[in-house]
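Paired with chain B in one complex and with chain C in the other, chain A is shared by the two complexes that follow.
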Partner chain A sequence: MRGPARLFSPITDHVSLITVMSFAERMLKIDRRIIFLVIGLCTLLPLLYPVGLPIKISSEVRGVYDHIESLPEGATLVLSLDFDPASKPELYPQAIALLRHAFKKNLRVIALTLWVSGTGMAEQIVTQVAKELGKETGKDYTFLGWSPGGQAVIINMGQDLYSAFPSDYSGKPTKGLPVLEGVRNLKDITYLVSLGAGRPGVEEWYVFGKDKYKFEMGGGCTGVMAPGLYPLLRSGQINGLIGGLRGAAEYESLIDQKGKAVAGMDAQSATHVAIIVLVIICNLFYFSMRQQKSVGQG
Partner chain B sequence: MDATVFGAWVATGLTLLIFSFLYKDTPLFKFAEHLYVGVSIGYTIVKTYDTVIMHLIVKPIVENGEFALLIPVAIGMLMLTRYVPKAAWMSRYAFAFIVGMGSGLAIPRTISSFILKQVEDTIRPLLSMAGPDGLTFSMNLLNPASNLNAIIILLGVSSVLFYFFFSIEHSGVGKAVARTGIMFLMIAFGAAFGYTVMARMSLLIGRLTDLIEFSDASYGRPTLWLVVVTIGVLVVLSRRAQREPPQES
Partner chain C sequence: MIFLRRQLPIIITLITGLLFAGQYYVPHPASEQMLTSATKWMQIIGGFALILGVTSLFHQHAVKIGRQEAGWGYSLVLYVAMLGTIAVGLWANGKESVDGAMTAFGWVYNFMMVPLQGTMFAILAFFIASAAYRSFRARSREAAVLLVAAVIVMMGRVPLGEYLIPLSGDLSSWILNVLNSSVRRAILIGVSLGAIALSFKIIFGVERSYLGGGKE
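Presenting the complex of A and B:
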């Protein structure tokens, strides 16, 4: 047989099918370290050689941005940094971007954390951005530190902020701080954003804070948590949500100060494409093997 | 050595030790893992002691004479009686206080926030009033408040609830509804998994960003030096493992 006729020979077809199938079997049993290497390269190369893919701003991130943008100078923003170093890659850029925005708008920032393991990092973030924008502690902002109790702290702040935090992180008494002028409890604040990596976090601030003391609230969270917080967003219980590194990149774009999050977006897109391709290939190989088995049985 | 440079070397070294797990479970990974657990616990204990014992208890009592604080301290101390078998019953009062107070605070607020508010949001009008002219139906899938999304949510909630309703057999029409519920569940799991993948990749991006930053000469290029050292140690460990006879099970 010659030419096209040979190509359609049933015996050759069967042999080539078997060859392809054994290849599929080999690929499905591939050493997982090769996949790690592929993902590693897909992450590393765009970080070394950025492409600058466009970033589309989502309505949920814009919700937080627009609300802060609408606040008058001197309004009080409470920023609760409820995460620890384990979630730093996602929430650190969010915190930096939010603080830059708040300080540029000359808002009075009251920062705190409900996570004991994140205290040092939270203080470092607030101090770093304040220093960058020439803000003075006690006058333009304060870092209250950590207080034990999680949800109990929120309730306590709702009744009396000074009883929940008698002193700030540096040990200075909170009573009499110019930044807290006119603020007795959570009812007196203008806006609150909780950047949460778990519990206590956004949900606790809503349940024990906003729902009880009626202030406006937005949230930021890790990617893992975002799907669970969308119902709160849709129902208007929170007015915006910054989800994961992607959300941080959107916020950085909105304030026009691109940082670590925007730099990571190319790598994020590349790894997502790699994972999608791997999922498709694995499915193709899986179905090829199933076909092989049915041919073998036939 | 400057603290920042020293920090860069420590961070790079520990990142690479943890990454060595991608090759296989090695003593390097175990060392970094144990160090992480130890440092986290140590940090938490120190911060808790400083904030709770010193700033919230000792200072207010000694400096301001706030002796009422001794009541919560006493309740807290009752917890420690768990370690004395004969007095362990006393800890129940502390637990009863915590459970009672916690439930009292949490139950009404959770019902209000997660059940009533969410039910209210689920039961939305399927048609909207559009001025004096009449009713409209918005088809925009991207708008969470559109009528089409209200119908999708209603279908999703009803079918998923039906799927978890086991008192009647899922056959006939019931089977179709339950299957629809499964489809909605699968979409939800897919979305959650997608976000999880994104989050994990973000963590990897975070570490690699730091490794790239620490390959700079101003830090003494810890990334380059420590990559070489880590790979060298892995090679030595691998060769040693090959020479050792396999252990009998």
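Presenting the complex of A and C:
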């Protein structure tokens, strides 16, 4: 570059540097309400206009499904609904799908919760699905409700189920209920699934229940908890894991009864992609800003 | 008094700690019966702990209201909500519905607690997105690795991600099953060894902080 062009080029470079820097900086400090709006739209629009992308079934979810599928009619399934309304969007569809599967297989279902704030919701879930499939309380299923003590309840059930729950949620004595015939404690059950949103949950059922009383067990949890439960899964301590809304959608697809989870997957897809795009954009601006700074300093 | 405050709890901890650690390995009916009784006790104590927790919460907020400290209005809301819920809960005998009809307690549960808790959890998605945009930057090599792994797992866990990048599902599964599991297991082993060591310290009276720091 020669003459006037050379003379002025550093100035134009400097101007463009300021412009780029300020733009990148401005973008990095973008009003968070814009991000909220993007996430809101990504959640709302797919719910209003569902696309229905195919859902691939994972081996973790298939583990629970296959085990229930292999159980003979009349086998006992304990379903522990260890969550409260905060985790309803993820765990409610899991519970519904599991119960539909169990009732269709004519399994005897013993439901309970270790979370006091989830008692009402758990009772509604069990009653709703039982009613839908024409199941009778006391004969085909029972809801034991909640009992204080957390993991102590698990040990107590392992020792004597009737001592842990002398009556069911409606106040009927548990002794003599046809659904509990041949069941004295956790050693007599065929399969247990804990749908947990924290503690006590899947891990406590394994540590204080399965490890001592030797029954087969599967788990379900929120999406954020799932990575923490993979060690239990890989070592065979639990034979399947339904993780988050995705897991619930997979289970709904397996039982061929698509519900809230499948409907919510499009929204989750859009939100995940939106967050990824936001993260990539933020990094692009961050690097452009850093590069411009180093050029400016050089 | 020092005996009751210090020595006696340590003696009880030592005896019960050793007894129940040993109980796990003794399948004799007497040993099992002892565990059954102990867990019944634990359940009863658990019930009392709940009462203790509620009482403590009431006391803490009563002090706040009494002194009119900053935010005492929220404490008042808590008082009204708790007393109201307890009253309707007792009135409805703790049942959300009777013969298919919703009780007042059921109404509070279904139309207040469920949507409030759901909203609190749903708001997280917005804050996570905002926080990810502001702070999830590849500032170092380690942060870059974390960022790439997170993007792959996020893509692989949703149908749209698998549709756009078909390999992301298998990659995400590999990250969760191999990398995540092994690291989590290592952490678990470390934590468990720490818990065992701490248990021994408590059982043998080396660790006494659980006794509290009251005057001797």
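Here is the rule we go by: the second predicted complex is superposed on the first by the 280 of 298 C-alpha atoms of A that agree within 3 Å, B and C clash if a C-alpha of one lies under 4 Å from a C-alpha of the other, contacts with A are read in each partner's own complex, and residues count from 1 in each chain.
Note that contacts are C-beta pairs under 8 Å (C-beta built on N, C-alpha and C of every residue); 3 or more make two chains touch, one makes a residue touch a chain.
On a predicted model such as this, the values are computed, not experimentally measured, just so you know.
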item: Which superposed partner A:R199 touches (first chain B, second chain C, both, neither); value: neither
item: Contacts of A:K258 with chain B and chain C, given as first, second, both or neither; value: neither
item: First (chain B), second (chain C), both or neither touched by A:G150; value: second
item: Touching partner for A:I55 - first (chain B), second (chain C), both, neither; value: second
item: First (chain B), second (chain C), both or neither touched by A:N283; value: second
item: Touching partner for A:V273 - first (chain B), second (chain C), both, neither; value: second
item: In the superposition, chain B vs chain C on chain A residues touched; value: C
item: Contacts of A:E123 with chain B and chain C, given as first, second, both or neither; value: second
item: Contacts of A:L47 with chain B and chain C, given as first, second, both or neither; value: first
item: Touching partner for A:K88 - first (chain B), second (chain C), both, neither; value: both
item: Doubly contacted chain A residues - partners chain C and chain B; value: 36, 39-40, 43, 88-89, 116-117, 120, 147-148, 152, 155, 212, 223, 226-228, 231, 233-235, 244, 246, 268, 271-272, 275
item: For the chain A and chain C complex, residues of the former touching the latter; value: 28, 30, 32, 35-36, 38-40, 43, 53-56, 58, 84-89, 116-117, 120-121, 123-124, 147-150, 152-153, 155-156, 159-160, 163-164, 212, 223, 226-228, 230-231, 233-235, 244, 246, 265-266, 268-276, 278-283, 286-287
item: Touching residues (chain side chain A, partner chain B) in the complex; value: 33, 36, 39-40, 43-44, 47-48, 88-90, 116-117, 119-120, 145-148, 151-152, 155, 166-167, 171, 203, 206-208, 211-212, 222-224, 226-228, 231, 233-237, 243-246, 260, 263-264, 267-268, 271-272, 275
item: Chain B - residues contacting chain A, complex; value: 22-23, 40, 43-44, 47-48, 51-52, 55-56, 60, 105-106, 109-110, 112-114, 117-118, 120-121, 144, 188, 191-192, 195-199, 201-209, 212
item: Residue ranges of chain C in contact with chain A within the complex; value: 24, 32, 35-36, 39-40, 42-43, 45-47, 49-50, 96, 106, 109-110, 113-115, 117-118, 120-122, 125-126, 128-130, 132-134, 136-138, 147, 150-151, 154-155, 157-164, 169, 173, 176-177, 180-181, 184-185, 188
